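After this come two complexes, each holding chain A, first together with chain B and then together with chain C.
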Partner chain A sequence: MKTPLQIEFQQKALPTRLTSLAWVMIGAGAALAVAAWYVDGPRAAFNNVVMFMMLASIGIGSLFLISLEYVAGAVWSTPMRRVSEILAFIIPVTGVAALPMFLNLHDLFHWTHAEAVEADAILKGKSPYLNVTFFGIRFVATFAIWYLFYHFITRNSRKQDSTGDQLFTRRNIRLSAIFIPVFAVTVTFLAIDWIMSLEPHWFSTIFGVYYFSGTMLAALAAATIAIILLHENGYFGTLLRRDHFYSLGALMFAFVNFWAYIAFSQYLLIWYANLPEETFWMTRRWEGGWEFLSLALIVVHFVVPYVGLLAQEAKMNPRRLKIMAIWILFAHFIDLYWLVMPTHHESFFFGWMEVGFPLLSVGIVLLVFILRYRKTSLIPTGDPKLKRGLDFRL
Partner chain B sequence: MQDARLYSLSAIFQTPDEIAHAAEQTVERGYTAFDVHSPYPLHGMPRAMGLKASKLGYVTLVFGLSGAALALFFMWWVNVIEYPLVIGGKPLFQLPAFIPVTFEVTVLMAAIFTVVGMLFVIFRFPNTSHQLHDTPYMKAVSSDKYGLTIQALDPLFDEERVREFLQDLGAVEIHRIQFDAEEIEARPRIFEPRFVTLLILVALLVGPSTYIILNHVLYMPPFDWMMEQQKINPQMKSELFADGFGMRSPVEGTVARGHLPYPFKGQPDLAGKFLVNPILPTESVLELGKKKYDTFCSPCHGNFGDGDSRLRGQFPNPPTLHSDKSRGWSDGMIFHVVTEGQNIMPSYASQIKERDRWAVVHYVRALLRAKHATEADLR
Partner chain C sequence: MSFVDYSVEPPVVEGKPPLSSIDDAIIKPIDAKPTKAWFVAIAVSGTMLLIGAASLAVTFIFGVGMWGVNQPVGWGFDIVNFVFWVGIGHAGTLISAILFLLRQRWRTGIARFAEAMTIFAVMCAGLFPLIHTGRPWLDGYLMPYPNQHGLWINFTSPLVWDVFAVSTYFTVSAIFWYVGLIPDFATLRDRTVSRIKKIVYSILSLGWRHSNRHWQHYEMAYLILAGFATPLVLSVHTIVSFDFAVSIIPGWHTTIFPPYFVAGAVFSGFAMVQNMLIGIRKIYAIEHIITIDHLEKMNKIMITTGMMVGYAYGMEFFIAWYSGNSAETFVFFNRALGPYAWAYWTMVICNVVFPQLFWFKKIRRSIPAMFVIGVLVNVGMWFERFVIVVTSLSRDYLPSSWGFYVPSIYDIGILIGSFGLFFTLLLLFVKSMPVVSISEVKGVVEGAQPSHGGSH
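Moving on to the complex of A and B:
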């Protein structure tokens, strides 16, 4: 069944200033990163892990949000889905951003040292999973799978623009339904491989879910920032209303609580059982200045966004929502920093080396957005759900 | 319906956009006594109607916070003050463990009192009558239509003009709602015989069945599966251990927290020589000593230590404490007898705390001295 194009939409081009800004950020960030790598290779590698996981969160989280929309049959997000589709293109870029880390595997992962594994019964037991070959296979497979899903889902969505064929929606629903369980497994692998195995003696069964809650927040926040900036500068015309922003805000609010719930669950179980093989990871983050970051995390990642998003007006007012979204993205960065960095050094550190990588990641996201934006229509004009999405009222 | 009075003109609209527009226009026209009805909450509506934020949120906030405070206070009181128990080597006030409970109680209190506040304060329960009840208008707006009601008591109300206004807004139907004053003003009677009978019947049914379930049914198979579990309760036999006891004693050499092992086991002479009463016989100490003595010692030794208790004749006679023998004893010696027991007198170490035992010793001394007061004591 074919439906005619539903709305007239004239896509505006992004200003070239933005492209320059992205390049400046990438240039400066990359320069700092390379310098850091020469000065202190291991430290740069740990920074790279934070950046890599941050980009992965946004990319894969966006793809998950898209598939969620298809599977749930949501209409409110349809007018804004393209923003997530554009952001999901970060997935292949993330794969590339991970490559420098393979030069420093030895500095990052204790389990890559054969003699250490030989002398350690626990690491020996884990070695069928934690070995460089399998690690590499998982890495390649994960990103290949994600890229394939990204490719097919967004291609179907774009094809629909010109034909308006309902068939593509049905195909994407099927793809999404397959993707969601695949995502659950792969994202758990990602979290275990790149964060948990930094301290290979430690384990937490909820860790995959913990990282997942962060990816959702990062992807939602990134999309919200982009959507509101585009809206404020007239790229969406008058298509979006308070009802759409409210829904974005409400979902973000829900995931703020979800994160707190999962983070607290993880902490409570470790604290209660009080087993040395689990608690050392927490005590590491309770010494040498890291305790202030641990406490700050509760405030930054939960208290502030909770209070900031609680009121109805905070979710409906685009300006306030934008500020909270930027804050949440920052909070996710702090979260990753807290997860990764204490392994590198037992006392707290933050210096110029830690500035370069976030700058680089913001630049990358911006540039990816600009480049993909040129190739895609900002509104899925052929989507049969679009009309209902635009008419969406709470 | 002769005494039917006009309540309102109520219009029905088809879409949420129309009703939002209609509400805005109504406000603009200056009508104040109006209301909007929809089958589900319309989030933009309070704004369109120019309503101030509902006060109900404050009820939720206040009761939510009180719930949190109540839960935290109660857990603190139980775990730190009233029944301090060290669990897993954790501090008595274990905040992380309290958080889930605090959260639950917060949500519970907030939710219950929001509903209660809504029912009793805003809806004025038990008043259940309303002019719009049982009207075709209400039936429509509680399934798939949106309604706007402008009341006749609005100062600007003029039937013809309101009707025109509603028609211009695009109303598909306009209802004239009338009501019977007597019916609306009738207050429900709480003590209506049928209602009271029902209450009594419910009580008659619920009371005995609860009693039977809790006291009998739960002990019958197959409902006794929670009573009869494959586990060893205190005081039960167990085939697992050679001695047949289900309860195990701690590993040898185990020392309880805050407890020093008694160093003069089986050595009354040394105890009498080296133990000194560490507390002073103040009034409160003597009172404590009397309380403990009356509780634990008087059944055998009598209220004043004469050995004339009600046990006399049924038990190898407990001796008087006023004998020359015990009067000559040091505090440490008496303490030793209470702690270790002597022949058929059992040990009281597990019933009376160490400090309290010393208080008892003071009290026994006072008893002895009272019976054998010298002239010097009178001064």
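Moving on to the complex of A and C:
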């Protein structure tokens, strides 16, 4: 079944100074990062983990949001879906961003030290899972699977632009339904491999869910920032309304709460049971200055966005929503920093290296967005749900 | 095979029934005399209830020693049943509050019934901790009271949190349900010819006149209650999971318990709602209001939550091994291969394997198939709680104190009684109140919505 093209849409080109800005950020960030690798390799490696997980959150989170729209049959997000499709192109870039870390696995992961594993019964027990070969296989498999789903889902979506054939929607619903359980498993093991196994003795069954809640926030926040900036500068014309922004804000608000719920569950259960095999991970984050970051995390990641997004007006007003989205993206960075960095050093640290890598990540996301935007129509003009999405009212 | 047209919104109510016909369809069974089938049904459920009452009487006279619980399994059927019934209750609030916040209009047809089910299920659940105290005449001490004796209260115990969580949940669910019923009571009041009914419905409808201002306040109240009920429903099963997870018993203490229990609760609750609605829509001839599309959507939620539960089973197993903690690893191997392996595999097959059939659209839309799967899910979810409670306790750290739990006939009697209570209350409900929200369904009939923009 074909849907006739529903709207005339003239895509505006992004300004060239944005490209320059992206290159400046990448240049400055990369320079700092390279310097960091020379000055203090292990510290740079840990920074690289934060950057890698941040990019992964945005990339794979965006693909998950797209598949969620297809599976749930949502219409409100259809006019804005392309932004997430563009952001999902970060997936292959993320894979590349991980490569420097493979040269420094020894600095990152205690379980790569053969003599340490030999002397430690618990690490020895884990070695069928935690070994470099299997770790590498999991990494390659994860990114290959993600890329394939990304490739087929977005290709179907783009093909529909010219034909308006509903067949592509149906195909994408199927692909998305398969992708969601695959995503659940892969994202869990990504979190276990790259964050949990930094402290190879520590374990927590909820950890995959914890990281998942962060990916959703990062992907939603990144999409919201892009959508509102494009909207404010007239790239969407007059197509988007407060109803659309409200929905984005409400979803973000829901995941702010979800993150807090998961984080609290994990903390409470570990605190209450008070078993040394679990608590050491928390006590590490309660010493040497990290306790201030731990407390700040509650405020930054929960209290501020909760209060900031609670009111209906906050979700409907694009300017306020944009500020909250930027804040949430920052909060996810703090969260990753809190998860990863205390393993590197027992006392809190923050210096120019920790500025360089985030700068590089922002530059990468921006550049990827610009390059991908050129090849994609901002509006999925052939999507059968587009008209309903544009007419969406609360 | 016909394909869905994604460019048009699928109708929530089939056909374009005149609004008055909706009143008639929903209210007719309440006005009419009870049918023979209804009497048969209540005779059966009443008998079950009496079996439970007799078992309880024996328990109260001779003490909880009549049950199968003993060292080391001090928590048996009663806690299993408690968690099971609380779980059943979750679908109601999920449908009425969370789907309301998510603006899922298809919820209107099924919300009322699911809410009623929630309330009755929570009643069933609440019974078990009360009788499990062993001295139910002292249960009043569970509630806060002026504490001159300095005995109360152990605020650090999740069992106390349970008292607060379940009673708050029950209160808010009941208010939510009642607020939704007010406009419908007014409709009933205006239609009935019986004097007694008129008086009862007049009192229940609180002077509702369907005025514009009434509706404005109503909508606001409903939205706020939905906002309250949403975190509440998540908190209840979270706290139920804390009953286990804060302890240091292998197999109980694991951080994924809160979301895992919530997903499981929604899973079993939807299975129960789906089962009950299949019967109701047939008997009441409201198949155009509770359509096969509704049931299909519920089945989709079941496969989703079923896979979440499957994820949790897998993650527990993996981390038990990954942790390197031998007690933890043992518990999971014991579950899968030990004396209760049959219960474990019943759980896995019913909860994870069978729901996979819902990948096929044919099965999602086949009434007999979905009914059977729904029943299996509830069996599986009951066994999940059994596996968690019993296997972990029966074999913990010290092999010399291992034991084996077998329920007594009184345990089984009380379980049957709880089903009897549940079905009896439901039968009384369907005979005295509208099982579908009349006013809300009218709002989603095609043509009832204001049109935005566009040309008409």
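FYI, the second predicted complex is superposed on the first by the 394 of 394 C-alpha atoms of A that agree within 3 Å, B and C clash if a C-alpha of one lies under 4 Å from a C-alpha of the other, contacts with A are read in each partner's own complex, and residues count from 1 in each chain.
Simple rule for what comes next: a contact is a pair of C-beta atoms (placed from the backbone, for glycine too) under 8 Å apart; a residue touches a chain by one contact, two chains touch by 3 or more.
Note that the coordinates shown come from a computational prediction; the quantities given were computed from them, not determined experimentally.
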| item | value |
| --- | --- |
| Simultaneous placement of chain C and chain B on chain A, clash or fit | clash |
| Partner chain(s) touched by A:Gln312 [first = chain B, second = chain C, both, neither] | first |
| Which of chain B and chain C A:Arg242 touches, first, second, both or neither | first |
| First, second, both or neither for A:Tyr272, with chain B first and chain C second | both |
| Which superposed partner A:Leu394 touches (first chain B, second chain C, both, neither) | both |
| Chain A: partner with more touched residues, chain B or chain C | C |
| Partner chain in contact with A:Ala13 - chain B first, chain C second, else both or neither | neither |
| Stretch of chain B penetrating chain C in the combined three-chain arrangement, among 221-229, 239-247 or 329-337 | 221-229 |
| Those residues of chain A which chain B touches in one complex and chain C touches in the other | 268, 272, 393-394 |
| Contact footprint of chain C on chain A as seen in their complex | 1, 3, 73, 75, 121-122, 125-126, 129, 166, 169-170, 177, 181, 184-185, 188, 192, 201, 203-209, 250, 257, 261-262, 265-266, 268-270, 272-273, 275, 277, 384-385, 387-388, 391, 393-394 |
| Chain B contact footprint on chain A (complex, rising order) | 242-243, 246, 264, 267-268, 271-272, 274, 312, 393-394 |
| Chain B residues touching chain A - in the complex, by the definition given at the top | 16-17, 41-44, 88-90, 96-97, 99-100 |
| Interface residues, chain C side, partner chain A - complex | 3-9, 101, 103, 231, 234, 238, 242, 245-248, 253-259, 307, 311-312, 315-316, 319, 322-325, 359, 452-454 |
